[in-house]
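Here it is, the structure, as structure tokens.
Here the chain labels run A, B, C, D, E and F in written order, and each chain numbers its own residues starting at 1.
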Amino acid sequence: MDRKLKEMLFFSAFRGCALLVVLSLVVLMWYIATGGLERLSWDFLTEMPRRANTEGGILPAIVGTFYLMLIVLAVSVPIGVMSAIYLVEYEQSSWMGRVFKLAVYNLAGVPSIVYGLLGLGIFVAFLGFGFSLMSAGLTLSIMTLPLMISAAREAIAAVPQSVREASLALGATKWQTIWHHVLPYALPGIFTGIILSVSRAAGETAPLMLTGVAMSLQRLPDGFFDSFMALPYHIFYMATQSSNLLATRPIQYATALVLLLLVLGMNLVAIVMRKRYRDRYKW
Amino acid sequence: MTPRTTFNHELEELNKEITEMANVAKTAIERAVQMIADMDLSLREEVREMDRRLYELNERIDKHCLDIIALHSPVAGDLRLISACLKMVEDLNRFGRYAWDIAQIVDDFEEGKAFKKFESLRTMACLVVGLVDDAVYSFLQRDAEKASHLHERDDAVDALYDSIFREILTYMMEDPHKITMGIDLILVARYMERVADHACNIGEYVYHMVTGERLDPKARVGNVPQNVEACDRLFDHPCPRTELDEK
Amino acid sequence: MTPRTTFNHELEELNKEITEMANVAKTAIERAVQMIADMDLSLREEVREMDRRLYELNERIDKHCLDIIALHSPVAGDLRLISACLKMVEDLNRFGRYAWDIAQIVDDFEEGKAFKKFESLRTMACLVVGLVDDAVYSFLQRDAEKASHLHERDDAVDALYDSIFREILTYMMEDPHKITMGIDLILVARYMERVADHACNIGEYVYHMVTGERLDPKARVGNVPQNVEACDRLFDHPCPRTELDEK
Amino acid sequence: MTTTIHTEDLNVYFERNHALIDVTMDIQNNQVTAVIGPSGCGKSTFIRCINRMNDLIPGCVVKGKVLVDGEDVNDDKVDVVDVRRRIGMVFQKPNPFPKSIYENVAYAPRLHGVTEVVDGKVRRRKHTKKELDEIVERSLRRAALWEEVKDRLDKSGMSLSGGQQQRLCIARTLSIDPEIILFDEPCSALDPIATSKIEDLLVDLKKDYTVIIVTHSMQQAARISDRTAFFYLGKMIEMGDTKQIFERPQMELTEQYITGRMG
Amino acid sequence: MTTTIHTEDLNVYFERNHALIDVTMDIQNNQVTAVIGPSGCGKSTFIRCINRMNDLIPGCVVKGKVLVDGEDVNDDKVDVVDVRRRIGMVFQKPNPFPKSIYENVAYAPRLHGVTEVVDGKVRRRKHTKKELDEIVERSLRRAALWEEVKDRLDKSGMSLSGGQQQRLCIARTLSIDPEIILFDEPCSALDPIATSKIEDLLVDLKKDYTVIIVTHSMQQAARISDRTAFFYLGKMIEMGDTKQIFERPQMELTEQYITGRMG
Amino acid sequence: MAYRLRWKGSNRRRVRRNVNLSPKERAIEIALTIATWSSVVALGAVFAELMLGAIPAFLTIDIIGFFTGTVWNPAHPTHPLYGILPLFVGTLMVSFGAAAIAIPIGLGCSIWLAELASPRIRSIFKPAIEILAGIPSVIFGFFALVILSEWISIVFDPVTKLNALNGAIMLAVMMIPIMVTVAEDAMNSVPSSLREASLALGATRWETLRHVVLPAALSGIVAAIVLAFGRAVGETMTVLMATGNAPQLTFDFLRSVQTMTAAIAIDFGEVVFGSEHYHVLFAVGLVLFVITFAINFLADWVVRRYKEDY
């Protein structure tokens, strides 16, 4: 019967697609992993780069990325979560909601390089932070803010209205309701959003290029207004600009592997958390 | 669109059955009274047949009412209708019994014409047939007003029964040979009195069915002129309201 | 835990009421018969009181049954119980009426001891009280077996009535002065026959209530030895089964 | 065209859970058969066996026979798609497709096309527009919905009220002219007024179809069904005429359940 | 401690939608009052006026008086939080907090603390552990749930069955010892057996509380309530003793609705 | 990244407020309002800054030439040419190329995942794909630069090793996880009751998928495509490293191209603050911003226009 045949043909094609996707990603990871493991060592992680990055480790890059994550965590998270709470629980005039929706929805899709321009214009030039950790960190913070807000907002809005009503009907005040019920139940979702945002910031390169990431430093940044190195930029730099591209390939691979592990690890945590959260609260 | 087709259908069925039963019961009483009036013994078998039919209908409607209650959980007006039916059938069934009892007694009479002499018995028969007729009518027409006035006429019947009883007693004392017949007459009167009683019961049920209120028992106390004038008409047209049957 | 507390509670209430009514009805009949047996006219007021009480209970239980149907949509056994109650109350009420009727007649007697002479009337009274007793018992005990046998005894009562009727007739023919009393006696017999009839009705309801089946009308045809031997016991102990009342 | 159903020693397992135990029963045609019982007793599982919807549940094993007109639907040789075409199903929550009302009803006929015999050869062709229009109108009329929607057949099925949606689902099922229609708690998401419309429709449908309905509401079973089956803990406890079940059930359990004394 | 409620010319508007029109009614204490009516007639809106849950709905305007023990809860001077503490509410879908059973019940008492008068001064303090334990046990007992959960108070409230969850919600409401308890279709998500347990509980609760219940099921209203109010299109059509409403309603509309002839 | 920017219940109206707020409650509300406004300001700054940066450029250079010029040579010491067309075409080539590869494969994969894969496989596959969506772009760029380009040069023997095809393929691999997660979500959120309804009418699984699930999920699928496309347009590092960075106007996939993002990233390395070049780069950024803005709007419009309520 042709109806059956059609079904079979299409379904095989879909299986083929899936296989292709798996294959391509496995290949990618395989190359990075095998290439990177060659050079990866404890020393590589804990030493300063030497001789124009051709030797030594990548400690400043790791630390720089870590600092960036810290700034994002400190700036974007509280503002993002608070905004999300306000938007879900308090906001009541329709125009403000619309403006917000517009801003957040569209700014999430704006290319990261554009945020780089912003950072350059405002933090580096206008506010005079110069090419520093602070400029880069704040830029990344603003870049991840839409992601943060919408993640937190979704998590908060996913707490069913019935829980709020239950709490209010017991004579709890609005804030008590939010604090005792909405936030705790939304927390895993918010955390997921936080981790995703921070890991996105960790892997982002383009804005850093405009806000002062350094090609090579023999030291750790000694403050938030110092210049810094970062893992993704280090990969880019070593792969395209450094003096001896071929000789430093192992370093490039290893750095890529480190970044990959860092970001994937964080994402994994986020996803496991979300899954557990979903299992835990089945409304 | 009124929903609940099945339920409405069942209620219609029930209504048809009870209408049939009411008409049969009424006719049975009328035939029995006709037998007294005209000594028309040919009606005997007919009355018996109707008695049987009433018994059957009693069973059937009873079961039907229970079905409806069990399956459709009627409330309000529907429930009152069904409860009225449940009770009414017993009374209607009794009509049949009494009609048959009367028919049997009339049948036994040696001196058929005896009844004719008892004007008051005739009057009573008139009253009772009128009562039954009105009871059935009030049910079919859902006429609470009419139903509420049956009691008053029943009181008239009761009074009449008392006087008939005394009359026949005197009559028997005068001529002991009439004792058998006298007793028969008394029983007939007694039966008719019972019929009137049951007709009143029907009135009570109808009243409750239509209004949702119980008929105030105190209303029974009041005494009302006895409407006997319709009597002759009744005897000439035994089923004056058969046009209702189609309802 | 059996749920539906309210419903169960209502059913219990209903059961209590109907038990009370059954006992009052039974007692009323017993007292009436006692009046015949012992010419104990002092019981008259008591019977009247019971008649009144029965009338009240009739209204009340009726209403209660409707409440339960309207509010709780009973099915199966519960529904059968309620339908049985709905019908039974009418019969029990009749018991009261007849008891009162009997009481009134007995009261009228000039020659009170007349009854004593009529052994068969006494026998009949025995039978009837036994029937009523058993009808009530079968209801209280949900005893379908017992309920199904009431008919047979009713046939005995009917037969007895016929013979009493003839007997009294002869008696009246012999002595025309006894006519009034004769008629009274016949009416008493008649009333008792009716009571037996109603007791049978109760039996039918109980049978249906317990088994869910209708009592086969053909079972009525069968004739069964008349259990008259319990009679004397009855007259000595008018309420032989009062221990059930607590149930 | 109507059909009898006969199940024999039907057993259903979900992994370790024995959800249906030795159900043997007969369902007559042109009747409404109601299936009642407490939650989780296997009512849904039972009717989903009849059109093999349980196939969709991973880990569900069905043993025993379900004979529809003498043919075992569980047989490997039987075409599931065809079984489902012959045995329609209406679900608990109204689930119209998010398409227009017309498309909802025309969907299945379009899929199946018309099977004709031309010159002795069996041929499948598409419906003409006119044929489809007719099918849609007929089905909607049959589902007592035509009058309410005839002026807006191109509106989304989702724009209807709950009760209308459910009738649309019924019309959709009728469009392929099934022999049997299964209803799984079709009114539990509806209010009393919508419910009573659906009930009327069900009673009307039995003239032409064999109808099986699972319901939580005993009153509903009482109101509309001719026969009632009572399930408890995966077993069929009692089956009989609805009147008999509700007036004098044979089993103690049934009486307990219908009088609300279970639990 | 119980309370009477009296509403006067209560009107509720949702934007342009006039959802409740001139509702004037009296609710007596220690009774179960049922509110019935077709879908969308304003039943929920009505009871949500009593504990001001409508405040949560954007665009909802409430006019008229709701006097609880003579005090207008709609008054601006009245503390909403306090109103809600005194008037408990149980919702359609069981909505326990995803906390342990114990925490679910202990939540509200913890919030409110104990108000004591020490040395002539009003003082608020926290409950001691023992007091809390007592409250939890008492509330759960009152909700007929204690026996079923006493061994697993630390398990999540979500792990209970639907009927148990609903009773947990009731226990939670009882924990603050409200004067009035409002139920908005508390059984519509439950099966008949669970429903009948809740109904029993409701009847039991009226000994100590004033109970108002919105229900879709007329049978339920009939079974458990003392008085019944019938709403239609935002108006209160009739209110009276449940027996009277179900045996001889005064209004034609009421009769149509309860006999299922509406629509 | 599985979070789609979806907003529920947006049309809010005034609710009745509690007049008797405790001081604590009031303070909290104020704090939250401040936080919210600061994020509004921060986000508004993005647009404002772009405008401010770009305006001087539009004042000094030929606007028409900017949009129609075919040569991009801003670094020329005397006659810098600011024709954005080569960059624009480069961007479109790479992203459309990527879309052409990613859409069919991604769609097939998401259908497989949503409809055919067994629950166990799905429960592993879905998170895996989500994790991959988080791989930093620089790593894809690195892979394209080092490995993929080698393979392409073996197969096609192109003019330059780093070319548009290289970028397109790599971008496609990047797009697929984003697409799959969002599209699979959309298909998954089609209630199974619709599937059951169709199957119960005697439809096959393919027919059910084709006529019921896909139409119902259409808005989500289109949104997935548009979203992924938007990411491709805005992607910087991958194209920067993969396409060879030659700002030439070409339609040959085997030649090097430069995208707008890459141009900004590269050129900022050497521009002087406040120079004309500096402001032109802001102008390019503004164009990019407008394009992605438009794409997002499109996605939003599609979702709303074809959204099915079930």
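FYI, contacts are C-beta pairs under 8 Å (C-beta built on N, C-alpha and C of every residue); 3 or more make two chains touch, one makes a residue touch a chain.
Bear in mind that the values here come from a model prediction, so they are computed numbers and not experimental data.
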{"item": "Fewest touching-chain hops separating chain B from chain F", "value": "2"}
{"item": "Chains linked by the largest number of contacting C-beta pairs", "value": "A-F"}
{"item": "Same or different residue numbers at the chain B/chain C copy interface, by half rule", "value": "same"}
{"item": "Chain E and chain F: spacing of chain centres that average the CA atoms, whole Å", "value": "50"}
{"item": "Length of the line joining the C-alpha centres of chain A and chain E, rounded to whole Å", "value": "47"}
{"item": "Interchain centroid distance [CA atoms averaged], chain B/chain C, Å", "value": "24"}
{"item": "Of all residues in chain D, the ones touching two or more other chains", "value": "81, 193, 196-197, 218-219, 222, 246-247, 260, 262-263"}
{"item": "Per-residue multi-chain contacts in chain F, two or more chains", "value": "12-15, 18, 204, 207"}
{"item": "Residues of chain B whose C-beta touches two or more other chains", "value": "1, 3-4, 7, 66, 70, 73-76, 79-80"}
{"item": "Chain A residues touching chain E - in the complex, by the definition given at the top", "value": "92, 160, 162-173, 176, 180-181, 185, 280-282"}
{"item": "Chain F to chain D touching residues, read off their complex", "value": "118-119, 191, 193-194, 196-204, 207, 211-212, 215-216, 308-310"}
{"item": "Contact footprint of chain A on chain F as seen in their complex", "value": "1, 3, 5-15, 18, 22, 24-25, 28-29, 31-33, 35-36, 38-40, 42-46, 49-50, 52-53, 104-109, 111-113, 115-117, 125, 127, 129-132, 134-143, 145-147, 173, 176-177, 180, 204-207, 209, 227, 230-231, 233-237, 240-241, 261, 264-265, 268-269, 273, 281-282, 285, 288-289, 292-293, 295-297, 300"}
{"item": "For the chain D and chain E complex, residues of the former touching the latter", "value": "38-39, 191-194, 196-197, 216-219, 260, 262-263"}
{"item": "Interface residues, chain C side, partner chain D - complex", "value": "1-4, 7, 73-80, 211-213"}
